[in-house]
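Here subunit A shows up in two complexes: once beside subunit B, once beside subunit C.
Showing the complex of A and B:
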């Protein structure tokens, strides 16, 4: 079962790589025409093409390309002439440091509020959940973030306006504090924007589950309320919740680009935007590939968690 | 009453997207009509407003009652044969005097103009022409058509942006972009998703697993990065944007239609149709598609917010046509030109609330359509 999931993840990655490969080659001319001096002789042009491996047949090029992607050999950046991997390596941890806590915190807050809203129907919590759910599906994240930046970084100078660290960067233990301080407003905004969707989803499922007969049975047995809600009702909706975690990942990664742009954070998303804007295709491809890779890996992880949480999936897998 | 709110709001938006800007008293959205960063007119009445005085053959004199300090600057444009006189409570100035039809393009900082008025080159002309509060008058003798623009710090309903364009005009223009992109991309995506879903659900087999695999893959790739890469490579025009957005939003529809088609494929009445010798295309188009239509309508309405948000996100990242004023583009410019460090909230709030409002409207309509197609949802 695990092998099938890994196979699926590999397929997704292969398709991303193929997409990258062919998008790069549908451009008018060839990828190098923008870089080469038109006054160069035809021989020199052929030499440069051979240097980049563009003289080989398309199939072989693709084969080589897949190998390069698998070994993180992304070539040279067109603007800085440094290896792309060097540029990416410093950026990816920033993205992960933003997304992982944001995802976990919003899921935790959403689960807590959603369950609470389902237990206390008609309460203030339920109204909050319904409204924040509607907001999280309709309000553009970057707009809220700009407004937060305007209120809490400019008008009230509580948070830094831009960047991942102060200039000049502090040293020692203050550096960690400084980094967290720069991360806090983006993180808070992401959590505030996305917990509503979670909470609404959890509430809807919990309301249905709490109406089931076995819950009534558990209550009739005199079990404590908290135990009925969490151990009986919530436990049974855990697999779909994990599936939702899985499905929300691409959206979360997409949101990273916007968040990093608004707060000028040095992440993979802002690198992608810079690369797209400066037609720096090797970097753009690599940043996109890394973001897809992150998504696929988290997907795989959530898949495995799902198997752990749902005995039906686990047992079914072992039999197959 | 409540159920009319979103349809009426949608009708108003459609009306706004078709209307000429001049019909509702707004200037064109691509011209600078006020000083950059002007506040909304109603915001701060202690600051001088931006005023346009237009005199022509049909209305040769315009009065202005001025109760503020001197404005920032002024400009005179148009054409004139004759004399243009500016009457202040203290003194009269002849701003221009021409013997033949002459085009005028005068800026208040122009040294030669200051000399012509008999002022020193370092004099501040707005201070000279607006020495005090009181009644002023611009009058034209002869013929011509002259616009006298007094630049204050306030302008229009929603102020001006970093290029001095009217924010209210940009906002109204943005309505049409949001609606066009949202509706057309969703329609294309629905068409694509419906055909693939029907094919997948009714035909089954290899085709089905192939299409569903594609859906799974597309659903597990982050969309915005790939849209960015595609917009960067394929260009920023509106048509490209609509096409790539629809290419990445058909998956949900396909899944839903497939489920409907699969549940109907083995239904007894469909089996009877097959037994009667009905062709596959006949069953699909005359029986399966009508069954799915109510759900599809709801699906279209519920799909629009996602597309609008994606478009706004791409435009916010600067990956949209720069000549086309869309709400995402407005936020992009507000962000890159530092609107909030200038306190220019009027550049940020209108487009943001506009996007949110359109999304809420479509979500509400979609929910209602869903309830109409499945009344069980209503009771909960």
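Showing the complex of A and C:
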């Protein structure tokens, strides 16, 4: 049955590959339409079009594109004339270094607080978690980040105002600390902005689960409270939590545009946004292809892990 | 709109008071005392172009000393904040930006000249500009930038007068039906007009102006509305000529020959060309052709004036405003240069800036903001203004522009001439003596000839329009004189060729593929045997290193022609 899942995933990927090509061509405008420069004549624009192979028939462009996706040779960026892989390599590590810890920390904090709130129903702890969760979930990120920047990088200069390294950058081991120092404030802001969603989600699921008969039974059997909460109740909500966590992983690569802008970070989010806005087909296609690939893989992984985490879940109808 | 008005009015007084002190009291005339020899430098050894995107973070950085120079300030709130800090000097200057409402003259009703003239009279550009920009833009009335040496003050768009506009229409036989809808002399009722514009989330003032323009048209008895849409969609619609009217902004230049691209009828139906309005008029075409092919400066000026006067009568577009440039520089720097046409973030400041109270020879790094990351430093394919901020401190051209009156000024070429030969214009440039590339090799007329021939042979799109008419290039034995023979006659060849960057032959002739050339990643031997990147020009700063999305580090060029000689080896 796992092969059926893999086959389905491959089909999804093929559809995404085709859509990835045609959607960008259906969008209004082309890479040249934004070049409104009176010093660049229509003839000069045609030269640029030819340079990028956009003068070829659409079918030919599609076959070239499919070949590129299949071989992971994504060609050159239209705006920088650098290989797309170089573009991604210069951006994705920064993004992953920021967003992966942000995801894991906010999930861990949210799960912990959500469980605590569900266990202590009606208490001040629960109210605090719900309020802070709602605030974290609903405030605009750029506002929070600008305020943090103003408070902790400007008024009280504990953190840097910009970027992922000092200028000039330090050398040796100091460079690692310098890098971590630069990522600290963006990381804190992202955790502060994301834990709320997790906390509210987990609390709601846990409240429902803790009211189930089998939990009452476990308590009646005299099991320790911690074991009941974590081994019984939390374990039963683990599959959706794992699914949510794994499906958040592709977002770790796609970046956070606003965070990158506020903190002047060189990340994948602004690359992707700029690629879409400027119709930079090779970069946009490669980025969406990789994200689709990651999403499909994470989905498969989530299915597998859910089966491991919950014996009731079996792939492909084994229960039948 | 009310919010914007409230916002800007609050800052209007302080803005004007704060900014104007650096600028001369009156706009510079044609005369200029500017002497480039007063700017010996650069005096500082290290320059960092620092990438900071967010406007709030930029103002925090310059007031906390993390930045020294900040250009492109466009929010009044930032100006007020910077002024309050007392830590920076602000400068404001008119520039080549122009914002227009464009009519599609290909179809009814804007195919009627009298209607366009009347529509121009209900566009209250003075009050709109005051209300929306509060002192950091000026109402525009011409078809080329008012700071251009070729601007004709008598060829202005009609002033706001709604009553006069209705009378103009009435006199021309236009009537109003029972519902008050404007009707053409042939009985055709004016249709509902949509003015395309970007959404307010992208360009709030553009949307506001489209709304105000629609309100203005309603004063003529027309039904009109602003139609905000995704910017790319709007450009595609305009490119397909599928619109009634639209807002659009141009970054223009000092030369009026761009009027040919904007308004000559040969461009009206070509996709990707810039005659968006589709105006087609024989007399205008003849004037624009004379402008493009003017053999000398006097005939170019004459044709420019005639073209502008015809445009002010034909009104294919209504000029609305021109934005000012605003820049800030920390007060702890001396040697800042600015005037009413150039803000302080310019080459001359870069050359002469020194820390206040510093001893002779004392140096510290300059941190200069760029709001977007550098895309590429390959000068053959770079397109963005920010790429060229960096490249502009590396490469030079044969002639430059006087920052006081925007007229030609010697640069790599100490003199030049333009004459008309058998087949077209002949440009003769004589290079300064002793020019050197940043790697220590001499710059000769061969480099100039090679640059032009390379760009023409490879049809490099960015330079295609400038070099496509180059017939041949000859150099004299003295290695300082270069003659460029053009295949047709045009005074503007002088600016197109003279304003183009000159590239080093000894590097470019070894580049296997100019499209994929990454000059910052490939290295070569300098004259003294040291290792250098291939990003070599003649400008004041040498590329040292860059971190994508972070900064570009430059160091002083000891061979720079304005360095004063003390550093030259």
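Going forward, the second predicted complex is superposed on the first by the 208 of 320 C-alpha atoms of A that agree within 3 Å, B and C clash if a C-alpha of one lies under 4 Å from a C-alpha of the other, contacts with A are read in each partner's own complex, and residues count from 1 in each chain.
Methods note: contacts are C-beta pairs under 8 Å (C-beta built on N, C-alpha and C of every residue); 3 or more make two chains touch, one makes a residue touch a chain.
The model shown is predicted, which means the values in this text are computed figures rather than measured ones.
A.B. asks: A:224 contacts which: subunit B (first), subunit C (second), both, neither?
C.D. replies: Touch status of A:224: no partner.
A.B. asks: What is the contact status of A:93 with respect to subunit B (first) and subunit C (second): first, second, both, or neither?
C.D. replies: Neither partner.
A.B. asks: Mind working out whether A:163 is in touch with subunit B, subunit C, both or neither, as first, second, both or neither?
C.D. replies: Touch partner of A:163: subunit C, not subunit B.
A.B. asks: Quick check on the superposed pair: does A:250 touch subunit B, subunit C, both, or neither? Answer first, second, both or neither.
C.D. replies: first
A.B. asks: Is A:139 contacted by the first partner subunit B, the second partner subunit C, both or neither?
C.D. replies: Only subunit B; A:139 stays clear of subunit C.
A.B. asks: Quick one: classify A:76 as touching subunit B (first), subunit C (second), both or neither.
C.D. replies: It touches subunit C, and subunit B stays clear.
A.B. asks: Once chain A of both complexes is superposed, is A:279 in touch with subunit B (first), subunit C (second), both, or neither?
C.D. replies: Touch partners of A:279: subunit B and subunit C.
A.B. asks: Which partner does A:288 contact after superposing on A: first (subunit B), second (subunit C), both, neither?
C.D. replies: After superposition on chain A, A:288 lies in contact with subunit B alone.
A.B. asks: With the two structures laid over each other on chain A, which partner does A:211 touch: subunit B (first), subunit C (second), both, or neither?
C.D. replies: The answer is neither, since A:211 touches no partner chain.
A.B. asks: For subunit A, which residues belong to both interfaces, subunit B and subunit C?
C.D. replies: On subunit A, the residues that contact subunit B in one structure and subunit C in the other are 27, 146, 149-150, 154, 161, 261-262, 277, 279.
A.B. asks: Which bits of subunit A are touching subunit C when the two form their complex?
C.D. replies: Contacts found on subunit A: 27-29, 32-48, 51, 76, 79-82, 90-91, 94, 146, 149-150, 153-154, 157, 161-165, 167-169, 260-267, 270, 277, 279.
A.B. asks: Quick check: in the complex, which residue numbers of subunit A touch subunit B?
C.D. replies: Result: residues 8, 11-12, 15-16, 19-20, 23-24, 26-27, 134-135, 137-140, 142-144, 146-147, 149-150, 154-155, 161, 247, 249-251, 253-255, 257-258, 261-262, 269, 272-273, 276-277, 279, 281, 284-285, 287-288, 291-292, 295-296, 299 of subunit A touch subunit B.
A.B. asks: Touching subunit A in the complex: which residues of subunit B?
C.D. replies: For subunit B paired with subunit A, touching residues are 213, 216-217, 219-226, 228-234, 305, 309, 312-313, 316-319, 328, 331, 334-335, 340-341, 343, 345, 348-349, 351-352, 355-356, 359-360, 363.
A.B. asks: What residues of subunit C sit close enough to touch subunit A in their complex?
C.D. replies: 48, 50-54, 56-57, 60-61, 64, 66, 230, 232-233, 235-237, 239, 248, 250-253, 258, 261-262, 267, 270-274, 367, 373, 375-376, 378, 381, 383, 459, 461-462, 464-465, 468, 515-518, 547-551, 553
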